[in-house]
Amino acid sequence: MIYLTRRAEFSASHYYHSAELSPEENRRIFGKCNNPHGHGHNYVLEVTVEGEIDRRSGMVVDLKHLKEVLQREVTDVLDHRFLNEEVAAFRESIPTTENIAIEIWRMLVPKVDFGRLYRVRLYETPDLFVDYYGPQEQAASTQT
Amino acid sequence: MIYLTRRAEFSASHYYHSAELSPEENRRIFGKCNNPHGHGHNYVLEVTVEGEIDRRSGMVVDLKHLKEVLQREVTDVLDHRFLNEEVAAFRESIPTTENIAIEIWRMLVPKVDFGRLYRVRLYETPDLFVDYYGPQEQAASTQT
Amino acid sequence: MIYLTRRAEFSASHYYHSAELSPEENRRIFGKCNNPHGHGHNYVLEVTVEGEIDRRSGMVVDLKHLKEVLQREVTDVLDHRFLNEEVAAFRESIPTTENIAIEIWRMLVPKVDFGRLYRVRLYETPDLFVDYYGPQEQAASTQT
Amino acid sequence: MIYLTRRAEFSASHYYHSAELSPEENRRIFGKCNNPHGHGHNYVLEVTVEGEIDRRSGMVVDLKHLKEVLQREVTDVLDHRFLNEEVAAFRESIPTTENIAIEIWRMLVPKVDFGRLYRVRLYETPDLFVDYYGPQEQAASTQT
Amino acid sequence: MIYLTRRAEFSASHYYHSAELSPEENRRIFGKCNNPHGHGHNYVLEVTVEGEIDRRSGMVVDLKHLKEVLQREVTDVLDHRFLNEEVAAFRESIPTTENIAIEIWRMLVPKVDFGRLYRVRLYETPDLFVDYYGPQEQAASTQT
Amino acid sequence: MIYLTRRAEFSASHYYHSAELSPEENRRIFGKCNNPHGHGHNYVLEVTVEGEIDRRSGMVVDLKHLKEVLQREVTDVLDHRFLNEEVAAFRESIPTTENIAIEIWRMLVPKVDFGRLYRVRLYETPDLFVDYYGPQEQAASTQT
């Protein structure tokens, strides 16, 4: 088993607001991230695929295919978007780094027909990132 | 003469649209940056001050003071903002990297009472940045 | 489960010397790090917290709270210090990257009342870092 | 248990070609990497060793020794080489990032007489890297 | 006047050898870079264009156009190439970082019909780079 | 003319104190940097040399020679040192980033027998650096 990670980038804007919280709670918890005009980030995404090396190609995964999947399924959808308004998943959930990482997992997992999707890492800034290994049962059997 | 540079960061969103261009021209020139919902970046700002070393402190500029000026005059104003809607300067001009850099110069120059403001460098992403040395006559006499 | 990591920085000085080793052994093992005047580093700390996403906030942990805890419990204590002389823990143990990482774990674990402290990563330089997952029994049950 | 990682770098060239594939398949799968003249990279290697802290030295591993082993066993062998032609292991297997990482594991494992070799991470570019934890049985018992 | 810089990357291999030097001199001066099999790098290129801001677009240069020019004129030509054998300019001159930077200037200058080409910076590794401002007379009148 | 820059690193500790200032002024101006135990940094040095390309070697400067000069004249002297106590130049002047950069210029200029020393850039942290182009008269004639 070997783990291959590919990095991609997208720029998007978002804001944090929960309909279940009062305006005061929204301001207290989310601070300046609660500004409904939105603000933005250069997100950096690292997607890790786990697999065995194909003897003929010497690779876990066809890199061109992986790059195309990442672009078509993720960055073309999220890049240059106001996540709260323009991406359906975030009409229901707040586009926090955590929720975006989980959404990216969901976007990718049905399309990964090479190896197995192992981890989604998402940097909001160089100083803040999250790691998601999939739903509990799956993660338990595969985490490293 | 010595040049001291301090880096700061802010996250903001923006979009590109010119009232002087037709919708078609806006789309052609600005592409996905023309999306009026906005998208965002982690901007990285480098401000360079030129001066002589104060013999007693061994410094060109009081670093705490410089940090405070950058925060109060620039990052507190731009951070977590939708630049087109929330920053007055960008009601008139498009918040391109070029125009934001020039606006930051204008914000800082009256407040730099230590040394001389030499350069504003602004990164929109790690792969794209602009340098501004001030209005022509000033730049001509000080550029290095 | 999701893992959120926040980065922080501090600058400190240290030197390596063991009272259990002869002067010759100290010099041989520690080389120029044995210089008792000390030398310094810009340490980079990455603290990872594991938890479930709070449905209302969309977050594993209140980021403002995490930032305050890191600053109060760790960086305010270690920043701009000569670790051997000014931080009590290092009167007994040598402030190697390994021991500083473990000490940071001890400083943080009683204060992490959100999620669970999962990992402390400490970079001494960009080319050298250590990872600590807590005392053995705890690490065994939680490592990813 | 604590994990110490040291980074090293080497520059090498390679190309991708499989004798088991037709010329058309080689071109289709490997694209411009199939160019037999070779092309090159600044590889970045991160080697992680797992161990307990030696009470007297405060360290998992003698850093000077680790640095020497990395240089003698890995970077002196691979640096400034055309991997396909000049490194015996790659006469049989294609020098993909995956295979180079595994080869580095094999080069290092008999020489690591301190702690236990835990992981080899190899970056081909900042946007593409692989992680190898050793042959299956060993990895299963040690992964974190 | 404002200066806009765009970064691009390419991977190539090369070796250093001068027909005017004896084999001994080649080995002494170029060391392991003299290996005729070649070795490689991930080159990072930063191209700076100087100009005035177009009032309607708020930009010095059409970024899409600049990106296309860099790709068509430079990275498509140099990426995944063995420079000594596959790029005509380096049949006559040694593909040192200095000479590659000058060659990139030559490739770009007739194609820059926006602003004025101001500087080519080329990193061979993160620790080594060159800056070229064009032929002397031109550089003298434009350098900053 | 072309400009070649080489990067080097050293770790050192220092503190800020002026004998010409009262204890109160020292504390006010230098803050926690006034702590006499010292604190430390991983300094990053970039040295730029300006010259013409040697036709036979294709280089401005013999890179091995430049590397040796930087190591012998600068990093061997400053690395793993408490600058205030162990480097003679800083008995008289405060080891601020500004003064260290100037001192490195003085260390290097008599040894640069290749090209011309153009600039010393010194990073104290990734967020703070200074540039020094030499004494005024020299800088005036050579700056770019």
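All chains are identified by letter, namely A, B, C, D, E and F, in their written order; residue positions are counted from 1 within each chain.
By our rule, a residue touches a chain if its C-beta (ideal position, glycine included) is under 8 Å from a C-beta of that chain, and two chains touch if they have at least 3 such contacts.
Just so it is clear, the model here is predicted, and its values are computed rather than measured.
Looking at chain A and chain F, the chains in contact with each of them are B, C. Between the interfaces A-B and B-F, more contacting C-beta pairs are found at A-B.
Relative to the C-alpha centre of chain A, the farthest chain centre belongs to F. The distance from the centre of chain A to the centre of chain D, with each centre set as the mean of the Cα atoms, comes to 28 Å. With centres set at the average Cα position, the gap from chain A to chain E is 35 Å.
Counting partner chains per residue, chain D shows two or more touched chains at residues 126, 144.
Contact between chains, using the touch rule, shows up for A-B, A-C, A-D, B-E, B-F, C-D, C-F, D-E, E-F.
Residues of chain E that touch chain F in their complex: 16, 18, 20-21, 29-31, 93-99, 101-102, 126-133, 136, 139, 143-144.
Chain F contributes residues 9, 11-14, 32-33, 35, 37-42, 79-82, 85-86, 125-126 to its touches with chain C in the complex.
Those residues of chain D that touch chain C in the complex are listed here as 1-8, 48, 53, 56-60, 62-64, 144.
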